[in-house]
Amino acid sequence: MGKLYPDAKAALAGLLRDGMMILSGGFGLCGIPSLLIEAIRESGVRDLTIVSNNAGIDDAGLGLLLQTRQVRKMISSYVGENKTFAEQYLAGQLEIEFNPQGTLAERIRAGGAGIPAFYTKTGVGTAVAEGKPTAEFDGETYVQERGIVGDLAIIHAWKGDTEGNLVYRKTARNFNPVMATAARVTVAQVEHLVQPGEIDPDHIITPGVFVKRLVQCPPGYEKRIEQRTTRPRETA
Amino acid sequence: MGKLYPDAKAALAGLLRDGMMILSGGFGLCGIPSLLIEAIRESGVRDLTIVSNNAGIDDAGLGLLLQTRQVRKMISSYVGENKTFAEQYLAGQLEIEFNPQGTLAERIRAGGAGIPAFYTKTGVGTAVAEGKPTAEFDGETYVQERGIVGDLAIIHAWKGDTEGNLVYRKTARNFNPVMATAARVTVAQVEHLVQPGEIDPDHIITPGVFVKRLVQCPPGYEKRIEQRTTRPRETA
Amino acid sequence: MPWTRDQMAARAARELQDGFYVNLGIGIPTLVANHVPAGMNVQLQSENGMLGLGPFPYAGEEDPDLINAGKQTITELPTSSYFSSADSFAMIRGGHIDLSILGALQVAENGDLANWMIPGKMVKGMGGAMDLVAGVKKVVVLMEHTAGGKPKLLKQCTLPLTGARVVDMVITELGVFRLARRGEPRVELLEMAPEVTLEEVKAKTEAEFTLANA
Amino acid sequence: MPWTRDQMAARAARELQDGFYVNLGIGIPTLVANHVPAGMNVQLQSENGMLGLGPFPYAGEEDPDLINAGKQTITELPTSSYFSSADSFAMIRGGHIDLSILGALQVAENGDLANWMIPGKMVKGMGGAMDLVAGVKKVVVLMEHTAGGKPKLLKQCTLPLTGARVVDMVITELGVFRLARRGEPRVELLEMAPEVTLEEVKAKTEAEFTLANA
């Protein structure tokens, strides 16, 4: 049984259940696993806890799962781009746990690396440290943060081989490699499917051990731009 | 003032002092910063604490600094290949702090990442946990380990650009990238010096921010093999 | 005459040094990139996983895989490198970034910073700000001196903190203040914009401050 | 007739499953690689930073940059990938490796393992063994049943531990034992080598054990 599945629905078959915790790669709309998010939407699974830096926008990314009210709780660092989020949150229909972005990334990295807890300076003396143990090391105060391990991670990669070895492109890397390590099952969507040996083993960012299933993005797969900013061309 | 120095001696000028802690990349003799080790030997600096997975062999790698008795203490996971080490240790002339290899790697990673302490299952119930705080998380016992930050890290890379961006080759990567992050100053020796832009930015393992100085290996730079093992050619 | 936003950014750029790795926040801090002195090597870090940020792309050359922390399309440089969010914040938290320039809602005498949350308003999240102020070697706040006529440089922050005792310097349209992250809290006025009077600064500042070299 | 070292390795190979990622220790465990059933996809991990270990190189093709954790020259496969020591042990400690097969000096009834140190002798260090036994999902010990005529499967380890309650299975030249990492300590004899008698096993084993399915 190989790791490659014919489509996103098949790649998620048997993995989804109500109330589960899903880690989703991506930063804004960059490097998000859109196909897998859409398949989760189609599945109708509910009461999800989603760990993702952002919550998508109203009609894209994780915003799709907010529209359908499949999400019970978000663990994120910034959700400012999503109006649906604001409405559901203010109506008490959605929980949010804000983590500093670096603490979020490190909690996931720790979860994947068998580290149940670590200490950080980030957030000491602020609301995020409330209720958490603190400790002094070399005269400085640090707050203890816990590792996160999810039931499922969904990620997006640029290229992947059938062994599950993955590479990412530019800033679409972001949270994808770290989330790939921190769930009981990781499913990856890849833009370009290649054979083992086609990716230089020195360039592989996510070794295949972390990826249980993968699916190729279909031709014409669309990557959206959230803030299209440009500069004028210099006049000759 | 660029990061490139004409030779190892120049690259270390002003950085060495008695009693300092030096982190050295490499695993066995693979990917060790030989040029920089030789320059440290020439400098005569003493009472060093060296953090390195291994201690080299008698006439190569960190073994050179043991021969000259420049090392006061090693923090390592395995030193079995070095007879000089054994003699000095048994004579009480050398201290050793053994760390499990993964704990050693993680302590260095933590030091570089601003994590003063973390918890791990490794070593719980063994001598390495003695005297260290333990804590329970989700019913399991873990031991607290501390981050390591050195005064100087010396590392070996395959290619580097003048900005200090580095890539490694095969298993010569080992401890090099993580040690690059965990010292006040990191000096890298590179086999191949290139210009910025010549390494694909998606392939860079150590971004230039971690590397303060670098030096190119001279033509004919020798990389030694510790255990030359081969298989017979299949007969046709 | 108070400084314009661009002049504020230019003043902040004087805190740059050759070889610095710098993280710029959204808003006025972004303008600092336009004021890097010619010949000075400064690399910009973006916390979503990039060192060596280039300028915005030409129209038609936007790349959805290449954005900054403000989700804006950008370009790469020959010096650029990419890494994961975990590695990016290991870099930030580990003290490898020399300078962070960011905006603020409030700064207190003791260096406390509030810039992420106004209770009662919809909360968007702190993003990477808490990590940046906790981890970066030097933190410069670039902000309007007042908001709705009320001082922002205060005796104590009234809004939830982003970081406690994290600000080294505050630059506003009126002048430049140096703060102390350790020891006794202390605010020193280092410079004033042209034609701005000490009386005006005092009137618009709640924090106690002294004149540097006074 | 007790198993040969190669037969012991073959028996250990029966613990492999398709798709497994496996770390093999130095010595007899290394031989397990020769017994992976044809058509089964098993990737070997080397804790110095490689997945997908290939066989030893042909003479003249040794690469100083390509070694295993025993410092031996090896080769790569189309499936191979390289990563740092920190990433390698994140993989190990994080429970991503399915099976670790390693040698032992002593194993206790409760699954305690001692394999790194004999007090009074020169200590070489534990290398990655403590991390492997603490992190890998299943730990199989492959060892001689006795040392100098003395049992190695004991009521309690007398040597310093590598890990407490970490061993799932012990394979020796005499047979195969299943241990319990949680709950009540329990040792079950699953199999014996051909012509080996229960009396012989009992005589050479200090640990209490029962017969599986007895």
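So that you can tell them apart, the chains are marked A, B, C and D in the order they are listed, and the count of residues begins at 1 in each.
One rule holds for everything that comes next: a contact is a pair of C-beta atoms (placed from the backbone, for glycine too) under 8 Å apart; a residue touches a chain by one contact, two chains touch by 3 or more.
Small disclaimer: the values here were computed from a predicted structure and weren't measured.
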{"item": "Centroid-based (C-alpha) most distant chain relative to chain D", "value": "C"}
{"item": "Of A-C and B-C, whichever chain pair has more C-beta contact pairs", "value": "A-C"}
{"item": "Mean-CA-position distance for chain C and chain A (Å)", "value": "28"}
{"item": "Centre-to-centre distance between chain D and chain A (centres being mean Cα positions), rounded to whole Å", "value": "35"}
{"item": "Approximate Å spacing (C-alpha centroids) for the pair chain C, chain D", "value": "54"}
{"item": "Junction residues of chain B - those touching two or more other chains", "value": "106, 109, 113-115, 120-121, 168-170, 173, 201-202"}
{"item": "Per-residue overlap in chain D, given as positions that touch at least 2 other chains", "value": "76, 82-83, 89-90, 92-93, 134-135"}
{"item": "Chain contact graph, described as a line, ring, star, complete graph or other shape", "value": "other"}
{"item": "Pairs of chains, among all present, that meet the touch criterion", "value": "A-B, A-C, A-D, B-C, B-D"}
{"item": "Complex interface listing, chain C residues touching chain A", "value": "46-50, 55-59, 61-68, 70-74, 76, 82-86, 88-90, 92-93, 112, 117, 122-131, 134-135, 160-165"}
{"item": "Complex contact set, residues of chain A against chain C", "value": "27-31, 53, 76-81, 86, 89-90, 96, 98, 100-103, 105-106, 108-109, 120-128, 158, 168-178, 205, 223-233"}
{"item": "Contacting residues of chain A [partner chain D, same complex]", "value": "1, 109, 111-115, 161, 163, 165, 181-182, 195-197, 201-202, 204, 207-210"}
{"item": "In the complex with chain A, residue positions of chain D that touch it", "value": "18-19, 21, 43, 45, 51-52, 76-83, 89-97, 134-135"}
{"item": "Complex contacts: residues of chain A adjacent to chain B", "value": "106, 110, 113-121, 135, 137-138, 140, 142, 146, 167-170, 173, 201-203"}
